[in-house]
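Every chain is named by a letter (A, B, C and D) in the order it is written, and numbering of its residues begins at 1.
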């Protein structure tokens, strides 16, 4: 997908600085592996601590990483003084969260001054590097400016 | 909400046994505090390890607990040999995940043999016990029978 | 549900004036039967012109009426000079659209200055007056002020 | 998108036969313009009878056509004796329904024996043929076999 116009040339530093403040991402072992204007990728290894009852990655963890990928995809296009909030998202779980590592990609489908819509895809990779689409997300993100406690 | 008809009188033991196998629930400090036919409640304390960049509970953790509450609400009505899978869910985040502890309630809106629809609500409690609705979920759950690896 | 605080005492006249300008509502035979602060009801008879392939009311028509009910529920709480736009909605279809007439109720779950979240329920009534919940909606609505072409 | 494997070689005739039985599609002036394995397109002209209060195509009509496109995309892959039901869908409205004609494309993202997930896109075309993405949908469809009244 082509890059989107950014409002702030320092978008990558801004996204990375905010990401490391998301303690939930650190806790699940997630890393930011790609930051381009309007598209962000997050990777994490399989972790038995974040499984559901069948031993697969919990749908909620998949959603958490997809939400962050979509939120930062939107945030990458926002002005320097803005914060990002997720208004809502929908996840479809297409296949079990079974794999050695997982990649979560978020891309802005519709930029906007106040509201941005982003779509996400989660892929599971097995030990041979084969990828499988395991979930998709559509999320609505909001640009917040001048609200105390909401920076980044 | 009135109790729903169950397919298995041992539903509570079955739900509790499956819940403890959800390692992600243990990891986030969640506990099963209510199991009735068609309604389940999960509680968790605020934990700095599961926050987003503004220090609030991460939307993904809220979704994780709501997904479990909705999934087990559906599972409580299923036959003894069935497993439950989440097909999809949507979350609306109504207020920041700010509080001392959180309660996640899932209730079956529409029971069904193959497909169940459940609705969830997340509440944040402050130190004085005041509750605030912070998120809602609608999820679609599927009854799975005879699929290897999907028990409970 | 208790009434919500309104921003404009003339909310009912404002909602009714906008509704009659929704030609799609006139075309499907829908009527506004309840307008209270934060809750709106719309009714329509079964019409063979708006069916899907099995002769039931088309899911899209159910969504259309639910979207209007949710949108006007939000609009009832908005200032006099605002317009309402639907950002997104999700519908769960719980039972076929089979009945003599249909009632669609929208209620604001979370009011807000810019964003409002509304939930909707669609009921089918048979010839004896028995009601059945056939669909639910969660929608996100936006208050728009000062955008040309978006009044009401 | 590459074609998906079909369960019935006569899929196109089957889709077209079902489509003409969707009276709601005839009523809004929609036509089936593309039927390939897993992807379906529907077109309709702008019609003042199906507008919302600002004169744009009603979000519900956009949803109705997207739902049909997604539903028939799924149906194209189903066995000859199956019927298709929409379990749920989510629509994001990205731009006003302003244009001379509209194209609605539905594609299966995840085929499955019981459950299929399809994604849809709605485009508005102006008088010079310029296209604009106005809405996206993600829908969950179900294969129904042997349920009376649900053929096609």
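The working rule: a contact is a pair of C-beta atoms (placed from the backbone, for glycine too) under 8 Å apart; a residue touches a chain by one contact, two chains touch by 3 or more.
Quantities reported herein were computed from a predicted structural model and do not represent experimental measurements.
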{"item": "Pair sharing more residue contacts (C-beta pairs) when B-D is set against C-D", "value": "C-D"}
{"item": "Chain whose mean Cα position lies farthest from chain C", "value": "A"}
{"item": "Whole-Å gap separating chain B and chain D, where each centre is the average of the chain's CA atoms", "value": "32"}
{"item": "For chain A paired with chain D, centre-to-centre distance based on mean C-alpha positions, whole Å", "value": "29"}
{"item": "Euclidean distance of C-alpha centroids - chain C vs chain D, Å", "value": "22"}
{"item": "For chain B, residues that touch 2 or more chains besides their own", "value": "87-88, 90, 92, 117, 138, 140"}
{"item": "Partner chain D, residues of chain A touching it in the complex", "value": "90, 92, 94-95, 109-110, 117, 119, 133, 136, 138, 140"}
{"item": "Of chain B, residues touching chain D in the complex", "value": "87-88, 90, 114-115, 117, 138, 140, 142"}
{"item": "Residue ranges of chain C in contact with chain D within the complex", "value": "18-19, 21-24, 27, 48-55, 58-61, 63-65, 67-68, 83, 85-93, 149-152"}
